[in-house]
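All chains are identified by letter, namely A, B, C and D, in their written order; residue positions are counted from 1 within each chain.
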Amino acid sequence: MVYKPYFKYLDGPPPLSVSCRRMVRLEEVDVLGIVWHGRYAGYFEDGREEIGRQFGLSYIEFKQAGALLPIRTLHVDYLLPLHYLETFDLETTMHWHEAARLNIEYKIFNSERRLTTQGYSVQMMIDLEGNLLLEAPAFFRDFQKRWRLGELTPCGY
Amino acid sequence: MVYKPYFKYLDGPPPLSVSCRRMVRLEEVDVLGIVWHGRYAGYFEDGREEIGRQFGLSYIEFKQAGALLPIRTLHVDYLLPLHYLETFDLETTMHWHEAARLNIEYKIFNSERRLTTQGYSVQMMIDLEGNLLLEAPAFFRDFQKRWRLGELTPCGY
Amino acid sequence: MVYKPYFKYLDGPPPLSVSCRRMVRLEEVDVLGIVWHGRYAGYFEDGREEIGRQFGLSYIEFKQAGALLPIRTLHVDYLLPLHYLETFDLETTMHWHEAARLNIEYKIFNSERRLTTQGYSVQMMIDLEGNLLLEAPAFFRDFQKRWRLGELTPCGY
Amino acid sequence: MVYKPYFKYLDGPPPLSVSCRRMVRLEEVDVLGIVWHGRYAGYFEDGREEIGRQFGLSYIEFKQAGALLPIRTLHVDYLLPLHYLETFDLETTMHWHEAARLNIEYKIFNSERRLTTQGYSVQMMIDLEGNLLLEAPAFFRDFQKRWRLGELTPCGY
């Protein structure tokens, strides 16, 4: 199946992508012998953590800057199942946005390079008391500046 | 926040709703002290099970009729967090569809009757070998007939 | 199978028991069609929460008194499996101990009143910085006093 | 803390060990900011899967030989917590037993090489109908023969 994009193109730099490889664990498999659909939320979170590691945008960096990133929307389209012991590649792509917000897309490919799952998440930024932040922390605005100027290395696959 | 519907109105009978009350368990709470976003997939599944129990449409009935109902799409909008020990009401609504498919919506209300979460799922029907079913099993088509004729009791709240 | 006790009798008042009834959720069932063994940690935690609710000894009361109760040991003996949609009774029993420590036993019975699972946990008490507490918070020592004097109502089944 | 062994020495060949390295995932961390105690069941299962991979003793091999390996006992001693983003080493050791049974021990070390967790599991063997097997499948008895003769390479660390 062909990947269908979720986010409209916004005037800005190209998206940033990372990739990680993973094997399905026995605990993740349900009564039908496939990865239980709710587990993909955890897979996508692994993808966000990989983006965080590669670009210095992890939960820890944001927390130290006084911000948290609750999930506002999660959307998953399940095209093909994943089975116990299957190895898969998770590609996580962060799309440009000017506001204090993260728009992230996910694609999972199995070992035959077939698209099994796609989805997206939207995260808002709040301070440690739970108030919505209209402006991102300074370190993230610096990151946006370097992203816009093309000074970041999109880690690829 | 006001609930925004997901499914367009299709010519057919009114939707069927059930409601169940639940308490947040310690295991479901994450490092931010709120229900981890991935847990809502399990809450929504509890809602589908309640629909199944009340209308004879559970995983077991379908399996005995040679069908399975994999999730094709899951969508969750997180409006307010849920906290440890909060009691919440999950309303699960099945919308009319003629095809071999289940369109289900979910709304979660906290104890102040505020909408914390809404979402939807789409399930297709497959046989036990994994082939897409274009026609639902006989028992489900009977159910659709009674639904259309208004002979079902929507269990409500 | 006959239940085999884990804790030696210590000079003190009889143990306190609570009981709660639960249904197996689809998410908890593994590829073998039975509750995945790791899920029982969550079931036992539900039992501890029930003890907490009935005796004012929950995570929240301890936290307000500046104490946390990390699990020091968890032991589970799996005698019979639990299946999807099975209803079971979880009996949680707190055994007397003088120290700043909770010794709790668990028994799960299925709908035929057969013992499916038994186990125990040991919890130590630490302060919010992680230091071991040799003396329990005042509210818990008051609770121990009333327990010893037989002034508590063991909630039973 | 010093590791305390669980299984008595049985007359037979030395145990077989494997090691795997892992990072704590955000989903695994609880409200106290440490890995929720129930998650270690999954970590230990990852260890059994690594044993399975290295010695041809996985769930799949047993299933093809008509056998399943339900967990009979799980025991976990929690000595130190694991935190978000910590890397740890899981050492999984299978101890010799003549019967149709697997006695496996686990040790988790953090990045400072301190023992954080230890535990053990006992698995019995049953056929696909659930009957206890008194004799292991042929492929496992061959494995036991090579183990006893010292013909296996214990994969180490």
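Throughout what follows, contacts are C-beta pairs under 8 Å (C-beta built on N, C-alpha and C of every residue); 3 or more make two chains touch, one makes a residue touch a chain.
Please read these numbers as outputs of a predicted model, since none were measured by experiment.
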More contacts between chains, C-D or A-D: C-D
Geometric centre distance via CA averages, chain D-chain B, whole Å: 38
Distance from the mean Cα position of chain D to that of chain A, given in whole angstrom: 32
Whole-Å separation of chain centres (CA-atom averages), chain C against chain D: 26
Shared-contact residues (touching 2 or more other chains) in chain B: 26-27, 38, 41-42, 45, 84
Chain-level touch network, classified as line, ring, star, complete or other: complete
Interfacial residue positions of chain A with respect to chain D in the complex: 25-27, 41-42, 45-46, 49, 58-60, 84-85
Chain B-facing residues of chain D, complex: 26-27, 29-31, 33, 36, 38, 84
Residues of chain C touching chain D in the complex: 32, 34, 37-39, 41-42, 45, 68, 70-78, 81
